[in-house]
Each structure stands twice: as C-alpha cells, then as structure tokens.
C-alpha cells in the first residue's frame, strides 16, 4: 500500500489569523499590530484538517499558505511581508504540532513587480532553519492590477531559480487573487498556470537550470486540453515535440473531474502527476451525482482503469517523494 | 445627574466578521463569500462593550463601523460595498439586541473619488428603515492613494449634504486608512480633520445648508491648537472672526489629554463639545501616570474646574441630544 | 450526407492588404492611405482557401477577419476603424466572388475600453446591407495593455447584445492580440474564452437577453477541462448546476485533438458544438503521428465512436444552420 | 537681558526676485532668464525687515528662503534648481549687507521624489563657503502632487542626515506648497510637521544619527495637542514613553496663541523651544483683541507666568545658540 | 499714409503683477492673494510701450496677455483662472488709460485638456462689456505635459468657434509654455502654429464656420517654408490645391527676417498678412548687421520692392481693420 | 560633371516585408514569425528605385529604412528590434545586389525612452561587418506617446555620439510616426528637426564631440525660416552668432520648393547642403505647375542662378563625400 501524500494543501486559518489579516490590511501595516497565534488556535485548525484527512484516507499533507490570501499586490509592501511571515509561522507551528501528518511548504513575500530577490532570505530561513520542503511561486504578484512582471521564462526570475536549485526545493506555481472584476481568483489560477507553462516551455530556463523543479497544479491549467494547438505550433516552429517539452514539468490532480484527470494522465504520463486535493478548499462541496465531495479524489484514482498498480503508487507516493527530496518519511522517525 | 452618552464609539468585531473581511479582501469580492453573523457573535461583541461601559460609567454609546477598517480605496468597489453593508448590519443587530445601551450610526460605502451619490440609498435605508441616527463621513476615501476628491467645502459633496439635511442626521467626520507608508491611519485622522475644518470654513457650505450638522472628533484635529495662525489669516482676509466661524461645527472629546481638552473647551466653548471616548479603541491603554486608561474621560471632565455643572450636563448629554434629533431617550421607553 | 460547414474561418490576406495594414499602423492613420483591393487579389486569396476546402472536404466556410490582426488597442482609434472596414470589405468581396463557398462574418471596430456602441453602425450596415450572418466579439479590446473593460456579463456590453438580438446574429467570442510579452495571442485566445464563459454564466445576461447567441470557439477555452472546479463552486453557491448553465452557450471544434474533442462532446453535448477548423490557421501543420494536418478535423469527427450519425449531422451542419438563421442554403439558390 | 534671536524668519523678496520667479516658472526654465539682484533691491528688502525687528525688539533674525515659494514640484527640475540658488544668493547678500542683524539659513533644491543627494553640493557650498548656519528641509517636495517620498524616518533621507551631522547644522522642517486644492499651504505646513514627528519618532533615525538636529516649527504641528493619542499608542507598543521621545526634537514658537504656547511649553519643556516669529509672515495681522500683531510674541512670552527668568533666557537665546553651533555672536565682533 | 497698426503685441507687466503671479503660483491659488494693480503701475507699463511705439513709428498696438506666461497647465485650474482675469484687467486698464494707442485682445482661461467651453463667459464679458476686439487661442494648453487635446480641426473646439463667430472676433493662435525640457516656449510657438495650420486645413472647420477668423502669427510657423511637402501631399490626396487652402487663414509679420517675410508674402499674398512686431518681445535685440532692433519691421516692409503701395497699405492697416471689425478708429473719436 | 548622389532615400518594401511587418505588429512579436525575404522581392524593389533614379538622373542613392515605419514606440520592444533588423537586412541585400547604385544607411532599434545604448551593437555590426556608411537618428522614439526623452543636446545621447564618432559615420535626424492624432508623421518630421537643431545648438555637444556629424534633412525643419527669432535670442544671450552656430550642422534638399531651397542656401551656405530627394516618397506627386514631380529636384538646383558651378558640384557630390567618409566611390571599383 502506498503512502497517500496530498502534496498540495493549504492551512486552515485560526480565527486569530483572520483578525490579524483584517487589521494588517485595514491599517496598511501602519501601525502594524502584533500577531497572535495561540497553541489552541493552531491545534484546532490543524485538527480540522486531520479529521478530513482521516475521513478521506490521506496519510500526510503538504501545507502551504492559502494562495488567494497572499495579498501580493496590496500597497505597501509591508502588508504582504508581515502576512507571509505570519502564514509561514502558522505552517511551521502546525507541522511542529503534528509532525506525523504535515510537511511545510513556504509562501514567498512577492510584491507587485519587484524582483523576487527580496524573497530569498525568507525562503532560505524557512528551508534551512525550519525544515520547509518547497514553496509556492506566483507568476503574477501584480494580481492583475497593471502590467505583470515578465513571464516565468525570463531572466527576471533567475535569482529565485538559482536559489531553488541550490536548496533543491520544488516550486508550486500558484497565483493569488485578481483585481480585475471580471476574473475570479479561481479562474485566475487556471489562466496563470497556462501562461506559466507556455512561458517556461518557450524559454531556455530548463537548459539553464536543469535541476529546477516546477509543479503546475490544477491539472496544468488549460494546456493538456489544448495539445492540438500547441503541438501544431511547435511543429511549425521546429524543435522538440510539444508533448516531450511538457514532460519537463510536473502536475497535480487538483482538478476534481475524472474525465479531466484521465486526459491529464494520457497527455503527460502517470509518472509526472502528483496526488493532491487542496482539501479543504475549492473542491469541498458534495457532488450531487456521486454523493462524495468533489475533492475526494483517492477513490476516483483508485478506480481508474487506465492506471496500473505501479502508476497508482507513483501518483500517490513516489512521484512526490522523488521530487521533494527534503521530505523525510515519518515512519522512519 | 446627566445621562452619560458616549457619542462616538465603534463596534467590536465578532471573529466571524474578521473572517468575512479577510475573505472579501483576499478574493477582491469575486467570488464573494456569504457573510455569517451569528446571534452569539453579536451578543458576545456587544457584551464586551457593555462591560466596559459599566466599568467607566457610560449609559449609552453611539456605535458605528470601525473607521480604519472602512476599506474605501480597495479595488474594486464591490469590496467596500459589501463590507459596509456587513458592518451596518452588525451595528443594527447590536442595537436591536441591546436597545437600552446602543444607538446606531451608519458607515457609508464611499469609493475612492466616486461621487458620494452612491451612498445615498444605503444612508436612507439605514435611517428610515432601521432607525440609524447619524453617519460617518470620510473626507478622503482615496486613503492617500492618489489625488483626493475635492475638499468638504466643494459642490462634489452637496448631494450628500442635501440628504443629510433632509433626514436631519449629523455626520461625524472620520477618515479611514492611509496607503502612504509614512502616515499611520491614526495620524491621518488628525490631518483629515484639520483639512475638513478649513475646507468647510473657507466655503459657503453653511450658507447653502444652514441645517447641516458636522461633528469633528478628536478635539478638532490640529485647529484649536493653531488658532493664532487661522485668526491672523481670517483677519487679513476680512470677514467673520475665525473663532466665530469655528462655532458652526461640533467637536468631541476623543483626545485623551486633560490639557488638550481644556484648550478645546476654551477655544470652542462647552456648548459645542460632545462627550465621546471611542472606548474600546486607540485610548484604551493604561496611563502610567494616572493608573486609569487614557480613554476613561468621565472623571477627567468631571474634575475640570473650568466647567460649570451646566457645562458638564451639556457635554455629557444635552449637546448630543440637541444634535442627534433622531435619538429617542430610552428612559421614556 | 450532411453539408460540411466550417463555421469558423478567417480570410487569407492579399498582399495589398498587408501593405495597407503596415501603412495604416506605421502612419497611425494620419495621413491615412487609401486602401487598394484588386479583384485579382481577392480572387487569389479566396482561391487559396477553396483549394484547401476542396482538399479536406469542406463545402462552405464562414469567413471573418483574422482575429489576431484586429488591432483593437493601437492608438488612435482611427487605425482599427479603418482596418476593420477594410477587412470587412475583403470578407464581403470574397463572398460576392464565391457565393457558393463562403458566408460573411463581420469584425467590429472595438477600441480599447470604449463602449461597444461605436460598433453598432458597422454591424448594422454589414448585416442589413451586405448580408453578413454573424460577427466576432473581443472580450478584451485593450489587448492586455491596461485594465480590461468589464466582463461580458456586465451592462457595458448590453447595447451590443441588444443589437445582436434585434438582428438575430450570433457573436463568436474571439480576442485579438496581447501586449503582455509573456502571453502570446494564441494563449490569450484560450484565457479570454475562459473569462468570457465564467463572466457570462455568473451574470443574468441570458435572462435579460434570452435570444442572445454566443459561440465560444476552441472548445470553450479551459472550462470543459475544469468542470470539477466550477461544479463544486456552483454547488456551493446554490442555483443551477454548472453543466446546465454551460449549455446556454455554443462551442466549436477548433481544438485539434481527438481526446480534447471527446471531452468537449461529453461535457456540453453534441447538440452544442459546431464543426469548425480555422483552416488555414493555427492548426495547419502536419501532425507527425497521423500524417494529416492537425486542423483536418473532418475524419477525426467522422471516426469518433461516441457520436451517432444524427450527432454528426448536427455537428457538421444542423447546429450551425439552426444558430445562424441568416445563413441561406446555397443549394436552394 | 538675553539676546532676542528670532530663529525662524524668511526673506522679503525684492520686486526683481518676483519678476525672476515669474519668468522662470512661466518659461519652465527654458530659456532661463538671467536673474537680476541689485544692491538697492537687497537693501530695501533687508531694511523692511529690520524696521519690523526694531519695532518688536528683535536683535537678530535667521533668514531663509520663503518656504511656500520653494517650487519643489514644478517640472522640470531646473526651475527649482535655479530658483533655490537665487533665493540663497538673496539670503547671503542680505547677511553680507546687515551682518549685525541676520544669519543665513539655506533652502535646498529638493525635487519631487528625487533622492535628496542632489542637495548636498548646494548645502555644502552655502555652509562652507558662505557661512550659512542651518537649512530648511521639506518632507514632501512632491507638494501633494502624487505619492510623497518615504517618511523622514526612512533610509531615503540618510545621505542628507549624514551631511547635516558632518557639517553640524540643524534642519528646520518646512514644507512648501500643496497642489491639492483642498489643502492650503499654510495647513499643509501643520500636517507635514505632524507627519515628520511621527515618522522620525517611530524610526531609529536618532539612534543612527545621534547628533542630528531637527527643529519642528509652528509648535510641532498637531502633536503636542494630541499627546493622549500618542501616549496611549506608545504605551501599547511598549518602549520609551512618548513624552520622552518627543524631547529628541526641538520646536519653535511660531504658533501665535498664548494658550497654545503654554501647552507647548508644558508638553516639551522650555529647554526645547526656540523663540521664532516668521515676522513678517502669516502672523503679521493685527489681533483685534490685543491690538498687537499676532506674531508680536516677545511680550506674550515675557508675560507667561509659567516661565522662569532662566526659561525665558533659554527660549530667547540659549536654546538657539546651543543648537546653531555655527552662529557666531556679533557682539564679539 | 496708412495707419501703422501693430496687431500683435503683449502687455508689459508692472512689478506688482509679477509679484501677484509669483504668489499665485507658489500658493497654487490657495489661499489666493488679492491682486493689486495701481494706476501708477498701469501707467508706467503702458508708457514703456508707448515710448517704443513712438520710436519705431507705430500708431496703435493690439495688446494681449504675454503668451508664455499664460500658465495653462499649472494645477489646479484656479491658478490660470485668476491669472487670466488679472492679465485681462491689466489689458483693459491699459486701453482705458491710453485709448488712442491701444486696443484690447483677451487671454482665455484654458486649462489643460478641459473643453474650451469654460472660456466662453470670460470671452463674452471682455468683448461685450469691455470692448475687447479679439482673443488668443492656445492649441496646446497641456503645455507638453501629457497628451494634448484634439487638433484645432476637431469638434472639441466647436463651442469656442461658435462663440467667436457670434461675437465676430478673430482668434490669434498662440501657445504658452512647454514642460518638455528640450523644447523652449519660443520654439513651441512655431511647432504649434504648424500643427494648427495643418489640423485646420485637413478638416472641414471652415465649411462649418465660414466666418471664423484665424490668425497664425510668426509667419505661419514652418508651413510657408514647406510648401513643396504639403503641395505634394494635397495633390496626392486630390481636392483643393494647398496654396488655395492656406489662404483661408491670416498671418502676421512677427518673424524678424526680411528673406523669410518675402517668402511669406510670396506664398500667401500681401492681402493675408497683418503687420505685427510683438515689440517689446522676442525680437527686441539689436541686429549687429543692421544696427536696428530685429523687431523694427516697419522700415523692412517699407523697403520691400516686391510690395506695391497698395500692398503696404493693406499690410499696415487695411488687412487688420477688415479682420478686426470691432476695431473702432480712434481718429473718428 | 559631378556625380549625382541622392544622400537621403529609403527602401521600397517588397510585399513580403509588408506581410512580415503586419504579422509582427499584430502578434506583438509573440510568437514572432520568421521573416521571408526573397531575392526576387529584393530585386524587384531595388529595380523600382533604379528605374526612378535613371529617369531623374541620379547616379547613386543612400538607402535607409523607411522612417515613418520604424515602429519605435509599439510595445513591446521586441517588435522594433525584429523589424529594424529586417529592414537593415533589406537595405544590405539591396546594396549587395546593386553595388553601383546604392549605399547603406542603417536604422537603429530605438525604443521609447530607453537609453540609445541598446542600439550600439546593431550599429556596430552594420558598419563594421556590412559596410553601412551612416545611420538614422530619431529624436523622439516615444512617437508622441508620452514624455519624450531628453533633447539631443543632453547626456542621454552621449553613448551613441561616442560610437558615431568612433565609427566616423554621420547620423541623419529623422523621426518616425506620431501617436497624437493632430500631428501627421510628415509634420512631426519638421517639428522634430526644429527641436533637434535648437537642442543641439544650445548645448555643448559639438564641443564635447567635435567630430560628430549631424545632418538635418528637409531643409532643417523650420529653423532657416525663423532666423530672425533665433538671431535675436542668441544676441540677447551673448555668445556666438546664430548663423555661425547653425553651420555646425549639415542639411539636405528634401524640401521640394525652389523658394524654400533658395532661402536655405542663402542661410546656411551651399557648402552645408547635401543633394537629396527621398524619391520615391512624400514629394513623388506631379506638380501641376511645372508638370514634373515635386521631388525631381536636380533641374531645380541646376537652374538656380544663385549657385555657382562649384556650389552645384558641392551640393550634388562633394559635400556628401566629404561627410560620408566610408562612402567608397564605385567608379574606383
């Protein structure tokens, strides 16, 4: 039986964290209120998740800050700096409290179109001092409020890539919110993932940083559904076949639909997909057809005929542990 | 014994309101989460205030949304629209639950440099349908993030003034937050109050709207301390003496220092000042000198030798009840 | 045998049109050069398409201006106004010259964030005077160069919807180019189609305009691949099931991949999908696996086991003729 | 008898300087007209001030450029560069002509949000070559026309602070004009002084630059009137008591009201306040109550019962001479 | 002997006007200082001009505000509003004082890209109540600080044209200053005149307003020197010959060079050119070659062989009196 | 007989270049289409010019990219980078194909307000590797869409001037298009040439770069027609006489009018003017008066009585060969 690792999940916020965020944003961090995070609050929030994990059969979750709440574009920069710190503290304390059930993935204090260099100290501290094993990466910290920074294939991002390689931690692509009234954050996620994939695959980033590990969640945005378009494009421009290029990336299963998941496996292969649910989150609503929650994906994958036992082991455990080299199996402890 | 009316106080937020605000801001109101406001939450928040009131001897408080949390400049407009509604609902339910102890003062859904006309339906609904007796008025809903709207003396604000007069409700000047890192919201309050006074008193607003009732809290910003400057200016420009002009406005005692309050009484007269504490709030910290909280102003005023018994009655009760004509005395009930 | 109608195709530009565009853009339309469009140029361009149609077995194509060349954001407005007129002239003359093989779909002179009201005269002229049967609609005429106009669900677009209903012509959603270096126009198409669908389906546009006909090409952007996400969301918000909502829209087959097309048919039903290839265009490159061009979709659909004969007839002909009521069958002529 | 030093006064402009300014602004310094400054003009302007000094009993004045005319935000930078030079020349020539009665305080060619580094050559030249003894410092050279530079507590200002310490000259905080129609420059002064104090006192500037000498004129903006607010805040945040922090700064008496001055002395102590009148200036209008001009402050201070003889000596002379170490007593000459 | 009318000249400013301007700009008109204009100041300024007129033999001058000092782009609008009023008052009082020697031409309170409708009351008042006979018109009141308003051929300007026709007063094209450091105001004049001519002549303004009278000073900008370029252009676009179009406009002689003037007369004809010198002004410097001032144009024109006696009469007097119908000959008085 | 060198002419674009430009702009260079330039296309375009040259008697033309099509302000920078490269390739191949008749002058990939340093590699490559003999220089690559870069007299341009001197190649001032609807590119050329001359002549550029060679085409913009204005100005400011300053520059004859050309020769001297026609171009329309094309300037100059035989030789050949030192006479070959 493989270990069931939910590689993409986000903290549940204790009430005191909501209060802190509200105060921080409302005051624009001046004055900045001292955050309060009680053991009781951390425990209750962690336990909420563990109850869900137990119900759906997840052994361990990789916890990161809740992405839509990253506040990367709120002026001034101090807001996101303090908030990111608070969220990473929450992640850390949750893992400290429940070391068998959680691993820590860091948020980064990205700010609008500033260089990601400002994120390196936080990343380094969390990984080296506190055992975090990966991080989120937001391709549009402007959150749609003005010209976004260069695409992920551009030199703008190299300082961060360098550090990611040096620390050997994967980055999980995840945008935050959207200031454009017509685009909900949930849709922004998908659009940004498509942008991220195409920008990376039309660049030489993986030649420059061969050890860079990038995970595109939510089944890879729109790309696996539009292979015809991009295959034709890449044939016309010569060079590598698009399907091969795509396999430089990793993906996860947070797309809540069996048909879509089958398409994903078919397109990128079962060895490039990590099991993940973001549970509790977007998918945590009952599917009137199945009676189960949309994000209860373990049975969906277990029943997929196209996957072999080996495939399933890869998806549930091995793809993830191969990628997250800093993950230390708790059974060993 | 006069009734002790604290004419300027703000709601304490139940935890569920912080959560709602955090979600609303983070999602930029798309999608917008349904707010949750439980009787239990409202009751606990209200009781927190009442315990304080009982301790310091306040009979009744006028409750309004917490100003620094008004979010008037966060894009898009839907954020402040939904949040203002939620806060006014909280105020209303608090008053419904504790009708002896609270009266309701509305927040307005002002948005950046939009005309205040969009606030009229909310104001009208709260006053006519729910018995609110006054409202807040933010002179800079841009919150420092770009050119502010015209000063309070300008035609931009007439539609709102017209409605305030028609409804016969006072407006309490109160800015929100500040996006300029160098200016905390608490200082912004003071600066905006100074701006408000000078813009109003150098305009013909009170000629056009003789029944308009404006309260400038926090002892009137910087103005009573700078009478020399403005007296000289008004002498040089001819016209009415500045001290007389100033008496078209009303003020309150939320300035937490006996010397400052004495200056205020001396400058504007005890008949223009309303008792107020914003308790709990900025002043709720223990004064190491007196041993009492800074905002425990009742004994301070009671011991002021410069005030007569009649003055004190005016300050604690009558100035307020004369101004807030929609206040209905609960003892009569 | 159904008629094979390729409902989504774009003109091939005669060399003289490229020259006109280059001069128009370079001069920013001041002075504006008189366009030149020779019979010979029109004929050669049209024949190029017909040769392709004959090769792949298409009976008739609906021709519109080439979308990525719409120039909706180039300042000043006169550029796109003149260029749209030229392109619609080219479409018209192509149809006049080859009435058996083409039908005309108009481009609109949308300009940045201006109201689409400026497009109504052109639309009306083309439909009423020249027999055009539909039009393109660009949800982001800013082309990514600043805050986009409100989403397609917003009142901003009502004047155009009203006219579309009055004329009874469908609108084919199609963005133009993208000024953001990280987002190619071909990817922008997909992102904008996702935005369009979600904005329309979370609005009351179809209640207000029950006869509005909207076609989302390229298999509906990312949405059919992300049904789990949006089903969960719509379950959580109550109201109609997302799959049912989605069926208020129409889709086409320009997605060049059999697996993706099968997912599309499964999700929206064979009665909501129009056959279309944009040939020649993005998909016109040889698939090294099949040996055929990616956009040679007729055999792909004919061999799809999941479709019945009736389904295929709908897809190739009837869905289209039901929707495009101004299409007059040329066999009847 | 102490020397009566009016430590804060501004030049009276000869007509030829008005003409130069008008031409400079109107031409946007292109072409830039050669300034004209005649001995006769300088003499007449200087004598105007001396006549006033003699009338009110001032021995010596520290002259600086007239602040509201600093033109720090007018585009392009050449305007303020040339104008500041002209004004400093006028100050210098006035002191040369009347060495017994004036000392020179420099204006700085600050420009919008440019680093103050561009001001260092002018400051150095005036102090080292021409014997200037202090300078003005404008916390908002944007003059309200866009996002102001960082607060005075931020590293943005360090290069200037370093030079001020090296030269051992005090800086007198003084904003210029305001482009926001609702805020007159006279009110802007007060608001900016409040901002300056709070930004400095919540920073570590005085730890980094222990010898930095900052004078906040006009009685310290709004702060001494709002001690309750800031005491409570600083108690809540721990650390030094606000009254103690405030004594790191120096203040002057340009606030034209006896009650306000008494509050100032009470709050900051008579050893932190410099005598100053800005005469002729804002306060130069007859007080209908006293019959004297508002800015005739010498008798006001002399008659203040709360001040001892020693206090008065400090206020009129010693506080000033201690601070302005480059002041050389003319009696010694 | 014709009357020598210098149809384009500007007031000399009394010192008190420079002071007023300096104070107005420095204070951004808040507070706005009351202007002072003494009879003595007006008289001295007027006499300065009359002395020059007598020296060079000018009978009468048309006085308007000094163009480079119009301040049309300084924020806020109140600055130019008050300044224009002051300048027009000065013009008016100069004419009142010296009715034999001056006529009045008004400045307009144009402001940045605001519609010129705001200028109509001032124009009407000056013409109807005070006998002004013409006005200045600035094609770029943005003064180069951002996108200029539409060209003079566009509907933006129609409201003003309508009023000009109704009042039957000519407009003299004259830009103000330039905020672009690379473009002095004196060069800006020339560039704007070229823009004005081409915008007007490629529009249908003179078909819409056949009685509109436009004078382009400074010899018509660059256009008469570039006839080859514009003739070719207008031949290529068909329609009227460019030389004929150009004669819808009027020109004046303020170009200070005999060769240039001869080219002007040759190109537009002696019946379209008004004598003018702007003396004292740009041309008031001694020509080292002739020994006379550059702007002493009367002898230059008198000695031009290409002009007949009739031509000279037209240039010196009749072209002007035909155009300025509100000019009333003072000899008749 | 002098060689007839047309020193200022632009390529005729093959149809394939128009297509490339249209695709490049429409796609905003993402993806960027591979350019196509066939021998046949180059030959046909070149022959078109040669036929004209033969007809009007030109021996050799200096070819550069067509200026109004330089696209210097279209976002993003990649558009102009790729287009400039394509145009320079076309120039190069034209010269390679017709070495007796053409010489190559390079376009530069200037971009908005970026430093011209980015142009140095392209310039160096073309001159050193491909034998280009000069380049174009656009003083406003913003094309009127925002604040232009500093004037040509400013340090902003020094890096380019340094390289021009090092390579000993002249720069031909030539702006591109204009985004301001009121200013056609053809008029923009003239305005920018005036700006260029005045900015250079009021700077110390020629003192810093004594070997810098600048040609101002189109007869020098407006300046030779406005000598009076600038002579007066330079007399008033002292220093060198304006006529002498002007002779540091070089000019060409592309102004299509005999009277204007005579004025030019008179003002700057026959030794500073290069023969040039830009044929085919703006002047290629039949003059209804002469029956010849406006740009057929050879006979115009040959018949000018004011020019000596030596003058004509200078104009047609020697001024040019002296300036373009990299021109190698083909007769020698």
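Residue numbering begins at 1 within each chain, and the chains themselves are lettered A, B, C, D, E and F in the order written.
Heads up, the rule we're going with is that a contact is a pair of C-beta atoms (placed from the backbone, for glycine too) under 8 Å apart; a residue touches a chain by one contact, two chains touch by 3 or more.
Because the structure is a prediction, the values reported are computed rather than measured.
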Next item on the list: From the options A-B, E-F or B-D, choose the one that repeats interface C-F, i.e. more than half of its residue-numbered contact pairs are shared.
Entry: A-B
Next item on the list: Using only the C-alpha atoms, find the rotation that maps chain A onto chain B and quote its angle between 0 and 180 degrees, to the nearest 5.
Entry: 180
Next item on the list: Check the residue numbers that chain B and chain D use where they touch, and answer same if over half are used by both copies, otherwise different.
Entry: same
Check: Which of the two pairs, D-E or A-C, is linked by more C-beta contacts?
Finding: A-C
Check: Just curious, how far off is chain E from chain B if you go by their C-alpha centres, in Å?
Finding: 55
Checklist line | Computed distance of Cα centres, chain E from chain D, in Å | finding: 44
Item checked: Chain centre separation (chain A, chain C; CA means) in Å -> 34
Checklist line | Approximate Å spacing (C-alpha centroids) for the pair chain A, chain E | finding: 67
Next item on the list: Two or more other chains in contact with one residue: find those residues in chain B.
Entry: 31, 181, 183-184, 186, 202, 233
Margin query: Which residues of chain E touch chain F once you look at their complex with the stated criterion?
Written below: 147-148, 150-154, 180-184, 186-187, 190-191, 194-195, 198-199, 218-219, 221-222, 224-229, 231-233, 235-236, 241, 255-257, 259-260, 263, 266-267, 282-288, 294-295
Next item on the list: In the complex, go through chain A and note every residue touching chain B.
Entry: 13, 15, 18-19, 21-23, 25-31, 66, 68-69, 71, 74-76, 78, 143, 145, 177-179, 181, 183-186
